[in-house]
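Presented below are the structures under discussion, each in the form of structure tokens.
Two complexes, one shared chain (subunit A), two partners (subunit B, subunit C).
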Partner chain A sequence: MVSKTEQTQLERLENQVDNGGGGAWEYLCLVRKLKVRRSEKVLKHGLSILNDHRKRSSLGSEEWTLYEQVAVAAMDCQCLDVAKDCINALMKRFPESKRVGKLEAMLLEAKGSWAEAEKAYSSLLEDNPLDQGILKRRVAMAKAQGDVSGAIDCLNKYLETFMADHDAWRDLAEIYVSLQMYKQAAFCYEELILSQPTVPLHHLAYADVLYTLGGLENLQAAKKYYASTIDLTGGKNTRALFGVCLCSSAIGQLAKGRNKEDKESELQSLAAAALEKDYKRRAPATLSLITTALKSLKVSS
Partner chain B sequence: MGAAFVVGVFGVLILAHATYSTIHYRELLKIMEEEFSGPPINVLFELLLGFVLCLWAALAVPGKFLSILPHSEENRIVSLPENLDFMIFNHRGKVFPTVTDLKLKH
Partner chain C sequence: MAEDLVLDTPIRNWVLIPLSVVMVLIGVLRYFVSKLMRSFQVPDPKIVKEGQVVVRARNLRAGANFIPAKSFRARRFYFSNEENGLLHVPKGQGQNPQAQMFSDPNMAMDMMKKNLSMIIPQTLTFAWVNFFFSGFVAAKIPFPLTQRFRSMLQNGIDLSTVDVSYVSSRSWYFLNLFGLRGLFSLILGEENAMDDTQRMMQMGGFGFDPSKNLGAEKDNLDIMQHDWAMPKFEQRAEAVLRKLVH
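And now, the complex of A and B:
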């Protein structure tokens, strides 16, 4: 989870490091901790530490973690020579390590030699058939080759064993959404909400899926989940505010004949008011646009 | 942190002194052959002061409080981490590789 203060800290450190203000190691540690994908910057600043003998030796045993981080970043930037050098250095230090073996197989992946990578992963799995990292790499490999249904099969098999792995559920949900299989995606998001009920972004994604599915019941549920997102984010999520407005407007259209809508009309007008206030504060130039849009949805009072 | 730590040490010293005073008081009572019903009021005050100082130091010394994310006013969750376990390298970065002359030298 990346919280607001962690995000601002990351941005501040990124600025500082980019402008040559030092603190590269703290930046790399934070990137690792928050699991954000900043491959180009990690490659640049990580290499500058690794090439400086004095800085490198001051890291102690953390040096090897940095080698691994830089190797993965280099693969992501297609700087395969650098990745190869890093892996060789790790290889020299840890000749029998499975973790380095996984990196080598990932290098094969980055080169695009899928058959060899598959062979490497299988041989790693022979020693430890329940290695989560490697099972996940196989899913990623199927995805990288464009074999989405293969990736789904693989992930489903993986999730039968590791049901508590929310990252995998999230990936599966994203794959299903990309294939427009919203019912299946909704199931995955339900699992995610069950396992991490305090993460607003799962509620938001679930509400999006329900809204896309359509139908009166789904729309009503979507509105509730948008409302819970607003609750969990303290009203700072613009998408959730828009979601409430759109849902109420759609419900109003569907339930035109039945006149029981008065009960919930307060929520949408509050959301509309919050949206207008937010736009007034952050983007006053577009305020007129948002007011007309909300008027056309018939939600603002 | 330094000041809070000193305050904590001071609190522990006060508590130790309160213990010592109580023992001393009981010995005095034994000589005077009276029953012990409770420590004197200044020792009670000392105890309370020591307790408050220790409590404050214990809260202040170990580090800052972390926010409970769904409830804090300013510090909410804004994004999820990237799913790096499922990272794929077969993206547009492959078509437009970053031109760098970076090398690992040893």
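And now, the complex of A and C:
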């Protein structure tokens, strides 16, 4: 997670570097520390340091870290020649290194020679079967080849050991949603809510999955999770507002007046009012559309 | 009370400053030596997994009220059932860390290396300080202190009449030993600085039993009451929206 102060610091430095104000090395350090993805900028500014002999030698041993960073960024931008140059420089310096070996395997992966990359990763894993980075690269590789079930297998194997890694759970959840395996996705989202109970996006995604699953119980639960999203975002999330409206309309259809307690709740009409207000303020042209849509759902009072 | 002692300038030049410089140099040297001797250890998958299980179970305990009761019960069963629950440690199988240490020569070797890089230079410098500088009053701090500080600042001088604000050379050695962390973090970089106090704490913390951790977590899960928080959220969302609309 990037905190707000770090975010502003990053933006300030980025602006400064882009406008030629210097501080490129500090910017690159910050990007590395926050683990944000700014590949194009890293490539541009990193190369400008690496190509300048005086600047490069003033970094001392940090030079090699920069080579690694630029290599990864270059692969992300598909500048494979640059990446190759960087990796060759690193190879010359650290001939036996596993870390450089990983970069080489990543280069193979970026080139699309899957079989060779797989071989390289496997040989690296033999030395350290618990290297999280490599295990994740394998998932990414399976995804890049369009082998979704392979990616699921890899992720499941990874999560068996590293079961507290919420990013992996999120990845798995998204894959399951894309395959319409909603029950499995719901499980993953529950796991995400458990590890980060105050992140509204997990609540929202879980509610979406529950709504899609359907059935009275799931719909009621979905409505509750949309409600919690509204609470956590302060009512600013349009998707959650719509979700509440859709859920209560679907519940109304399913329950057909059997369920008295749901009728009493004001939530859906409030959500509809909030939606109308939001549209009036930000997109007045579409207000009539939204009013009729909400009327047809029988939620606006 | 004794009159003010006058400290000779050679004492400053030949005791106080050399002592500090030597301590810093030894610290730096030791950092590089331990860096050379550090061996990369492949972590044991079982231990890694146990750590992750505990984290996940803790998450479950902390966030239980955010997921539906059915999901919570399923997870609890997964963690703590008696047959193959992740947190269930069969009796007698929890291995003794000490026994494990001796069965794995690598581990003992590592410990020894750590000990070597810590104890040998320490004994040597202490002996050196004792041999050359014992009994010196090396410095004077500019403010008065109470009698209780005597053992801290005047180690090695058995005179009760000397004012407590004088620091003996041996005490100066100890102050340096424990107080140079800030300087090391400047010289060696933020995360590399590790002073002896920390090292000692690490040694003390060695040998805890992960299976005990698992058992405690299981007990905590077993006695948990699940109380779904979501219905409350509906009311809170209503309140939020009401504020927003009106």
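The working rule: the second predicted complex is superposed on the first by the 212 of 301 C-alpha atoms of A that agree within 3 Å, B and C clash if a C-alpha of one lies under 4 Å from a C-alpha of the other, contacts with A are read in each partner's own complex, and residues count from 1 in each chain.
Heads up, the rule we're going with is that contacts are C-beta pairs under 8 Å (C-beta built on N, C-alpha and C of every residue); 3 or more make two chains touch, one makes a residue touch a chain.
A quick note: this is a predicted structure, and the numbers were derived from the prediction, not measured.
Colleague: Which of the two partners, first being subunit B and second being subunit C, lies in contact with A:R37: first, second, both, or neither?
Modeller: Once the two structures are laid over each other on A, A:R37 reaches subunit B alone.
Colleague: State whether A:N128 touches subunit B only (first), subunit C only (second), both chains, or neither.
Modeller: Second partner only.
Colleague: Applying the document's definition of touch, where does A:D171 land relative to subunit B and subunit C: first, second, both, or neither?
Modeller: first
Colleague: I want to verify the contact counts: of subunit B and subunit C, which reaches more residues of subunit A?
Modeller: B
Colleague: Just checking: does A:G234 make contact with subunit B only, subunit C only, both, or neither of them? Give me first, second, both or neither.
Modeller: Touch partners of A:G234: subunit B and subunit C.
Colleague: Scan A:E266 for contacts with subunit B and subunit C and give back first, second, both or neither.
Modeller: After superposition on chain A, A:E266 lies in contact with subunit C alone.
Colleague: Have a look at where A:K298 lands relative to subunit B and subunit C in the superposition and call it first, second, both or neither.
Modeller: A:K298 contacts neither subunit B nor subunit C.
Colleague: Return first, second, both or neither, reflecting whether A:E190 touches subunit B, subunit C, both chains, or no partner chain.
Modeller: A:E190: touches subunit C, not subunit B.
Colleague: Which parts of subunit A are touched by subunit B and by subunit C alike?
Modeller: 234
Colleague: Okay, in this complex, where on subunit B does subunit A touch?
Modeller: Checking each residue of subunit B against subunit A gives 67, 69-70, 73-90, 93-94, 97-98, 100, 102-106.
Colleague: Please name which positions on subunit A make contact with subunit C in the complex.
Modeller: 127-130, 160-165, 187, 190, 193-195, 197, 221, 223-225, 227-228, 230-231, 234-235, 244, 265-267, 270-271, 273-274, 277
Colleague: Touching subunit A in the complex: which residues of subunit C?
Modeller: Residue list for subunit C touching subunit A: 42-43, 45, 48-49, 52-53, 55-56, 59-60, 62-64, 66-68, 71, 75, 230-231, 233-234, 236-238, 240-242, 244-245.
Colleague: Can you check the complex and tell me which residues of subunit A touch subunit B?
Modeller: 1-5, 7, 34-37, 39-40, 43-44, 47, 50-51, 72, 75-79, 81-82, 85-86, 89, 106, 109-110, 112, 132-133, 136-137, 139-141, 143-145, 167-168, 170-171, 198-201, 232-234, 236
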